[in-house]
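Two complexes are shown next, each including chain A; its partner changes from chain B in the first to chain C in the second.
Presenting the complex of A and B:
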């Protein structure tokens, strides 16, 4: 077994590490975010339980990063052949998958946390001014833009790495 | 299709008809009354605060009575009941209710009183029961607990703070009082922390005995009963019985009011209307015999209302065009296609004076963008059918909710459309099911292409859609300026930007590098590039010289022009923002596929089918929920930030007419003009 062969056995683990990273970090971010927003939402409900529908939506906003992370992880798993098919890719490709997953993982984590803070503030806003629901949704959604952009980069990369002649 | 033109109305009438005029206005619900400052000595406004407070208190009694009835005579409500809207009642029913307002108020007060009595009864029963329980250790005593002794004997009835037997007490006393010989002790009851005793001795020795007893921790009972405990217990039980009978009487009476719920709702609404009427009354200018009502109403309602008012009452009605600086309330009117956008627009802000109603251009893009972000044919069908079913079943729904549901229904249709184009039915459910359970692979082909296979293609399409959306926004701005006759603004703020951004984009398409990166498969020829570059140049120079036209200082104007040109980067980020169409669309499909694959992991057979069905149901429900939320939020964002950013400012005040803002009933107008 040459050194290159040895190195190439690391292809799948590297790619898997990337996939796991995307799901893991974005998932952690969303868990923290939805938790924070949930606390604020429960607080708002003690004053007016009829706002449940509105605060629930605001609570769920930081939850999407986890889903984006799952999406990237799943696409990677499926592309490297772990979900059926032969899991056999070169080290170079494994590294490429790893790097492709990094934006989703990091941006997912941070944007979910920051979005949660905006959500908490928005929950406070609608507990005082219930008619401002439209605006209260948009403010946290602004943060999500960057998670969407990270998702896009990761997505395009993961979807196209398979076509490279490596 | 637009912001309704408003007119300012003034109604002058005699005070004797004030009530009638106000009631008519309230029933018609057409005029928003505004406050008038009395500018002459003869005119004044009325303070109705005291009367309103009184109404509020009766209204809250009715509300409280309803809450009490909900506890004691609950009625089952379906969770969909909130969709039903207010119950319509006829004028006769309303007039009939009016006759009974006094009686219903009495019922409401009675119910509240009964609830108080019930609470008192409960507390009393608990108090008596506690007393009864505290007597239970003394039941062995057959004399009064307050007995102190006879002429020659002293009696001690009390407790020790620990468990003693008769023997232990006698021994302890014998040790402390060797000289005393005549002591009789009876232990009535023993608990681990308490011994109840009856003790008798000669009265001349009582002082010594008491000292000894105290040293052992003896204490008199806290509330000794005068009668022997067993008799007292019987008496208490009698009282408890009495209270319980009273309680059941109260509950029974409360139950008889179960059928008065409708009346109480009516009472609540009646006072809601009166409170609103008195709020308006406080706004009116009045002299000794006359009053003036001033307000706004949609111009189209003027003739009918004017006719009705002058025919029914001795009033003088005058309408005029609102002045330049007045803050006129905004009412929108749109066709069935664009009306569902009104709540979305309200979520941002209503158009300020002079701005166009953006609902129609918004609607064209809203449904399109929403559908593209959700893009699953099956989800779209579920949304469409679900909303349509609810809309058909609850015809009486409140209009705001109805509009929102219609918005989701139209979005559902668009979602189905995109889903068919992209070949997504519950993600790849058909493929997975056919492969797992039937052994053959069946795929519903995409009418256009499968986004997951060609993400670049969809990305480019998203950008294209974004550019159209943004240019449409600029187009509205052009229309707005042109309508107001500000042709210069229209050219400076819109045409130059069309040239600059449009020219720039076309120029990029003539470069091989860009077209290759975007995977377009074509490159525009050289001459087009030259023309577009010239256009972009004209646009850029135009923006540079006109963006700062508000400033007089030429230096400042030039700098502002450069800053205006810098806005190109804003267009770039706006266009890139539409990449969320791709990202969210893919998210729906991929998550759906994840659930399908998870369900299929157990394999075929009966068990596999059961597991698949479970995972399928739960997973797709979850996916619909999350992605409808995502699509809703991000469509709103694209409208609010990217689209509105090009032309819309908002800041209008909603038209809030003086009407019957009731909670339970809606009075039907038989003779509505």
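Presenting the complex of A and C:
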């Protein structure tokens, strides 16, 4: 076995590492975020249970990053043959998959945590001023923009790496 | 990074809606009689108890009960329990030394059971009392036995309380509590200086009574107080408490209002803080403030005082 053949056996593990990274980091971020927003939501609901619908939406906002991470991981696993099909992935392609997954992993983790802080602040806002729900939901939703941008980059990259002649 | 309290902060921000506003106080003040004032108070949700004292005690207990629900341990609010502990210590020392059974003199809400203080003093065994209380308690007992002067005993315990409050503030991870402790001790020092000027107390009293804090230089404050109100004014103009000068000149009541308004100004920023212990501490102080205001109004109504005189004493409210 040549050195190149040996190196190419690492293609799938590298791609798998990327998929794991995307699901793991974005998932951790969402778990922390939804948990923190959930604590604030429980505080608001203790005083006024009628706000359940409003605070539930705010609590769920930091949870989307985990879903995006899962989507990227799932697509990567499909493309590298772990969920069926060909598993013939070169080291170069494996590295490309790895790097394609990085934006979703890192931005997912960070944006979920920051979005949670915005959600907690918004839950506090509607605790004091229930008529400001419309504005309160826009503020944490702005953070979502950057998670969506990271999702797009990772998605486009993962979907098209297979077409490259490597 | 300070510990986060998202549950407590969100719940307390919702609770802020039920705090009394200036308008509520004006409404109470507009009542023609004491009974009408009590009736209005019942309508505002202060309805546990028939007499003023019962209502105020119930509201204080409700506040502590809420703090107990919100905080994993009340240790983080030690700063608010220390004045109660030292008040109970004064009562316990006097009760034991004079051998008079203390009745209805102990306050609830402290961190040490009053019975423990009495037992420690009777048995002369302070091993079960926290260190910050054991030494001043023992010293106060010895002082009272030796001099039979209750005021000296009070001065000693008041200073120990201020030292303990400042220490509790310094060790708190909550920025608001640190600032509150500093302001509380500095305001107490200024009040001592004011009292010393008005009553012509000697330097020895100031030495015994003034407590160290970060924003006042005690030796300069002491020297300034001995020079009189003008000396105090010229020293304070160089400190963060220059705005207290008119209140200090106006008298004890005006200075109390200045201190309480300054505390309300300090906590205003916590309305927009959704994470830390700050909003909970701010709510607690706001509740203390509104209970004090209701006490003033009820007392004024009971004694038929002039509405305008009471309005002058009303503090800035949190909401």
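Operating definition for what follows: the second predicted complex is superposed on the first by the 166 of 166 C-alpha atoms of A that agree within 3 Å, B and C clash if a C-alpha of one lies under 4 Å from a C-alpha of the other, contacts with A are read in each partner's own complex, and residues count from 1 in each chain.
Criterion: a residue touches a chain if its C-beta (ideal position, glycine included) is under 8 Å from a C-beta of that chain, and two chains touch if they have at least 3 such contacts.
Owing to the predicted nature of the structure, the values given are computational and were not obtained by experimental measurement.
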{"item": "Contacts of A:124 with chain B and chain C, given as first, second, both or neither", "value": "second"}
{"item": "Which of chain B and chain C A:74 touches, first, second, both or neither", "value": "first"}
{"item": "Which superposed partner A:22 touches (first chain B, second chain C, both, neither)", "value": "neither"}
{"item": "Chain B versus chain C as contact partner of A:60, first or second or both or neither", "value": "first"}
{"item": "Comparison of chain B and chain C by chain A residues contacted", "value": "B"}
{"item": "Touched partner set for A:142, first chain B, second chain C, both or neither", "value": "first"}
{"item": "Touched partner set for A:40, first chain B, second chain C, both or neither", "value": "second"}
{"item": "Interface residues, chain B side, partner chain A - complex", "value": "344, 346-348, 452, 455-456, 459, 576-577, 579-580, 582-584, 586-587, 590-591, 593-594, 597, 626, 629-630, 633-634, 636-637, 640-641"}
{"item": "Complex contact set, residues of chain A against chain C", "value": "36-37, 39-44, 46-48, 117, 120-121, 123-124, 127-128"}
{"item": "Footprint of chain A on chain C - complex, ascending", "value": "4, 6-17, 271, 274-275"}
{"item": "Touching residues on chain A, where the partner in the complex is chain B", "value": "57, 60-61, 63-64, 67-68, 70-71, 74-75, 83, 133-135, 137-138, 141-142, 144-145, 148-149, 151-152, 155-156, 159-160"}
